[in-house]
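Each of the two complexes below includes subunit A, the first together with subunit B, the second together with subunit C.
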Partner chain A sequence: MARLALLLGAVAAIVYPIPLQLQGYTYYQTVGFLVLVNAMLGLGWNVIGGWAGQFDFGPQVFFAVGAYTAAMLYVRLGVEAWIGLPVAAVVAAVLCALLTYPLTRLRGHYFAIATVAIWMIAQPIGATWELIGGSQGLFIPVKPRPDALAGALSLQFSGPTKALGYYYAALALFALTLGLMALVERSKLGFYFRAIRDDQEAAEGIGIDSRLYKVVARSITAAVFAAAGVLYAFWALSVFPEQVLELNWSTLPIMATVVGGIGRLWGPVLGALILIPISQIMSTTLGTGPLAGRGIDLIVYGLIIVLIAAFRPTGLLSLPWGRWLRVRERARGARQRASER
Partner chain B sequence: MAALLALDAATKRFGGLTANKDVSFAVEAGEIVGLIGPNGAGKTTLFNCITGYMHPDAGRIVFDGADITETRPETICGLGVARTWQVVRAFGRMTALENVICGALKRANRVREARARARELLEFTGLGDKADVLAANLTLADKKRLEIARALGTRPRLLLLDEAMSGLTPLETTAAVQLVRRIHDELAVTICVVEHVMEVVMPLSHRVIVLDYGVKIADGRPDAIVRDPQVISAYLGERRAAR
Partner chain C sequence: MTELAQAIVNGLQMGFLYALVAVGLTIIWGLMEMINFAHGEFLMLGMFGAWGLSASLGLDPLLAILPLGLVMYGFGVLVYRALMRRVQGGDPFTQIFATIGLLFLLQNAVVAGFTSDYRFVGDSILVRLSGAKLTVLGITFGVPLLAAAGLALLLFLALYLFIERTEFGLALQATSEDREAAMLVGIRPTHMFAVAWGLGAALVAIAGAILVNFFAVYPQVGLQFTVLAYAIVALGGFGSILGTLLAALVVGVIQSVTVVYLPPAFKDAFVFASYLLIGLFRPQGLFGRF
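Our next item is the complex of A and B:
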């Protein structure tokens, strides 16, 4: 049942852009790209926020670190994005470990505030550091590629297939992240993270080094954010502080995770599938009308969050779907038996 | 043979209050030692010092030859000391099995190995049929058993039980006492129990240590302890002791 749903989802994700592309539409590929990027970020945030239970409101710092690292490698040294991406992930994870270790003495709100503080410190650094282009940032030039394959291998797509190319690149990275996170969830790390979340003292009592594993959890989060940052930078063809250090790079994935189901592997995926299209479709359908550009999508987000917080704080995936679906199957079975009679 | 656990004049103060004052005792491998005393006698503080959640202001704690006076809890667990808590601290959002897996992972490299060990321990502690129940939904007696199973997962040589029987019905208490005996006999674990209930400690323990206002006032066989005038006065007051 679950395997069938996974297969159907995968097929839908791979196939849906093709008819659109053939008809010359590219908009929904871009929406899909943004859904995937946010789902991937949510998967990353779920490690520190969902499993390890430490509220981190500053992971966008590592999104920026990733974007800048790969962009610098590409612009200054000519290193292609797919090589820059793992480098960026490692740089972000190491930097995160160094920054987070002192923070692990803090708990609860104080940890959360400290993560915000690091983000606030990162902003002036990004805006003034000449080496990385200061407030103007870096522009990523599109080099001419002979064919689509060369484009895919260098993570550079242009022309009418740009949206489609980045959609599939995002899908590949998302699938990789999902697979890795599924492994983490079932590994020793997954157990230890959740033990620390549920009771830090008890976790230490059974031999879990809470500070070490909090650092590991946040570094995994940082690596995922960095990878997504690289993807985003090559899509946007530029990296500048206000763009990559924007607060939305943490709030949207966090909201997606909470709406879908915090601490559940598929939670952020479901959340991103619901939230991102709402914002995109609202901002385009409202167009130039009286409500356009007034942040109406944020009002809707607010409503969704209020409803989730009030009625199902553990997220949509925590609803008793298994029972509901089984009831329906049983009802269907009963109808069939009745009709056979 | 050197003692498994030795406290040498351990002192712990909280501001003006001295919770433990010059407490010295030793626990030999293979013993069941009872640690008793009235409320506020400093029993839990002593446990916290032994397991590394607090560090004594003066004195030394040695486990199996290693000085653990300033060692952190996770390291002490690695050396072979495990504990349970007076107020239960099960991992509420994980199942009983997952709770014990977390403990077993201390000595297992793979989750599969830890899972097998955890199932054995759940059977051993009588929670075999509750493996997939969320820990938060267990009864108090089962949560206490779960904590013991989780602690056993770390393969301790010394198990410290902090009021593992308080708040239980007489029937549950009997079962818990049996479990402690089986841990001692079948798993060859040295055990130190903190307990209020005299009727539980006396028949269970090979030796009883009594704390009062943070000071050790008696240390000996249970039958000697119950006749000790200082102990009687600590528990029942001066007038009865004088008789």
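Our next item is the complex of A and C:
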């Protein structure tokens, strides 16, 4: 049953943009791109936030580190994105480990604010460091490619298939992240993370080095954020501090994770599928009317989060879907039997 | 030398304003150990309220303190009773989510109602005094900021006496230290928490009414103050009223001295660097007691 759902979901994700593309629409491919990027970020945040149980408010720092690393490699050295992306992920993970190790002495709210502190320190550095372009940032030029494959490997798509190309690039990265996270969830590492979340003293009592594994968890989060940052930078064709260090790069994925179900593999995916289209649909339906650009979508987000926190803090996936669906199946079965008689 | 001394004096004056913003958080977060990421939005509501009363009725923001404080006290109690009470017992994460949701809700409700434009209070006692200066030993003191600092000191003194010297304040402290023991001696914890939220919201709204004399009002104004307030409460030692005041002054001075030597973009970075250093080496804060 679960496998069938997974297969259907995968087919839908692969096939849905094709008829739109044939009719010449590109809008929904971009919506899909944003859903996938945020779902991927949510998957990354789920490691430190959901499994290791440490509230991280500053992963956007590593989104920026990834975007800047790959952009610098490409602009200054001509290194293509398919090399730049893994390099960026590794750089972000290492930097994150160095920055996070001292922070692991702090717990709970204090850790959360320390991650904000690092973000607050990163902002002026990004805005004033001339090597990475200061507040102007870096522009990523589109170079002509001999064929589509070379374009895809360098994460550069242009012309009428631009939105479609980035959609599939995001889908590939998302699928890779999802697969890796599924492995982490079932591995010893995943159990260590959750043990630290549930009872840090008990976890230490059975020999788990809580500080080490918190660092490992946050570095995984950082690597995912960096990879998404690279993708975003090549999509936006630029990197500048206010864009990649924006708070939304953490709040949207966190909200998606919470709505779907924190600490559940599919939680951030479901959350992103619900939240991101709300914002996109609202901005099209409100159009240029009196309420356009008035943050109506964010009011709805706020309301959803407040309601989830108040009534179902474990998220939508934690609702007893299995029982509800089975009840309906049983009712349908009973109705069929009754009609047969 | 005079430049540095002037920077320190300016920093101290800003510090008093920050102290006003942070003190509501000291009660909710420091004393009662509940998180409120919508603290800056309470401040923003206070600022908008003061601006609105000034623009529509011509009421001076300093006189708006009383009605705003009362209304926001009710609002704080409402937020606790309707939302925070539900999430209090569970995972501490839930408090973070609930108040982040509240942040989005309040901020964007104001965007929807008033747009993100910057607004200024045109006419008030403090704005009219804005040209007045006192010069002592070559160091200039702006009169409006001095007046605001004086008000901040008064509020702090009143709050300090309320928390430390009245039976009600002691009941608040008792609830924060041990809920069950407080219940045994006849204190209702939920009542105490509601009062703490009411007080926190009222204090930060009062801060907002004073701040509108110096800063533009817009829906996103809260965040910059929220993050500073968190650093201040942590630096000051959680729940210590005097510690909050001293830490706010330290933060104001760090900011203004940083700006003398580095680009202005770094003024918050050094505040947060000190938060990290102190968090790592002196987790009880600069003036904490434990």
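Following the convention adopted for this analysis, the second predicted complex is superposed on the first by the 341 of 341 C-alpha atoms of A that agree within 3 Å, B and C clash if a C-alpha of one lies under 4 Å from a C-alpha of the other, contacts with A are read in each partner's own complex, and residues count from 1 in each chain.
Keep this in mind: a contact is a pair of C-beta atoms (placed from the backbone, for glycine too) under 8 Å apart; a residue touches a chain by one contact, two chains touch by 3 or more.
Treat the numbers as computed from the prediction; the structure is a model and nothing was measured.
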Subunit B versus subunit C as contact partner of A:201, first or second or both or neither: first
Partner chain(s) touched by A:188 [first = subunit B, second = subunit C, both, neither]: first
First, second, both or neither for A:154, with subunit B first and subunit C second: neither
More subunit A residues in contact [subunit B versus subunit C]: C
First (subunit B), second (subunit C), both or neither touched by A:262: second
First (subunit B), second (subunit C), both or neither touched by A:243: neither
Which superposed partner A:302 touches (first subunit B, second subunit C, both, neither): second
Shared contact residues on subunit A - subunit B and subunit C: none
Touching residues on subunit C, where the partner in the complex is subunit A: 29, 35, 83, 86-87, 90-98, 100-109, 111-112, 115, 219, 223, 227, 230-231, 234, 263, 265-266, 268-269, 271-273, 275-276, 279-280, 283
Residues of subunit A touching subunit B in the complex: 186-188, 191-192, 194-195, 197-199, 201-210, 263
In the complex, subunit B residues that touch subunit A: 51, 53, 72-74, 77-78, 82-83, 85, 89-94, 98, 101-103, 105-106, 111, 114, 147, 150-151, 153-154
Touching residues (chain side subunit A, partner subunit C) in the complex: 49, 53, 55, 102-103, 105-106, 108-110, 112-114, 116-118, 120-121, 123-125, 127-128, 247, 251, 254-255, 258, 262, 291, 294-296, 298-299, 301-311, 313
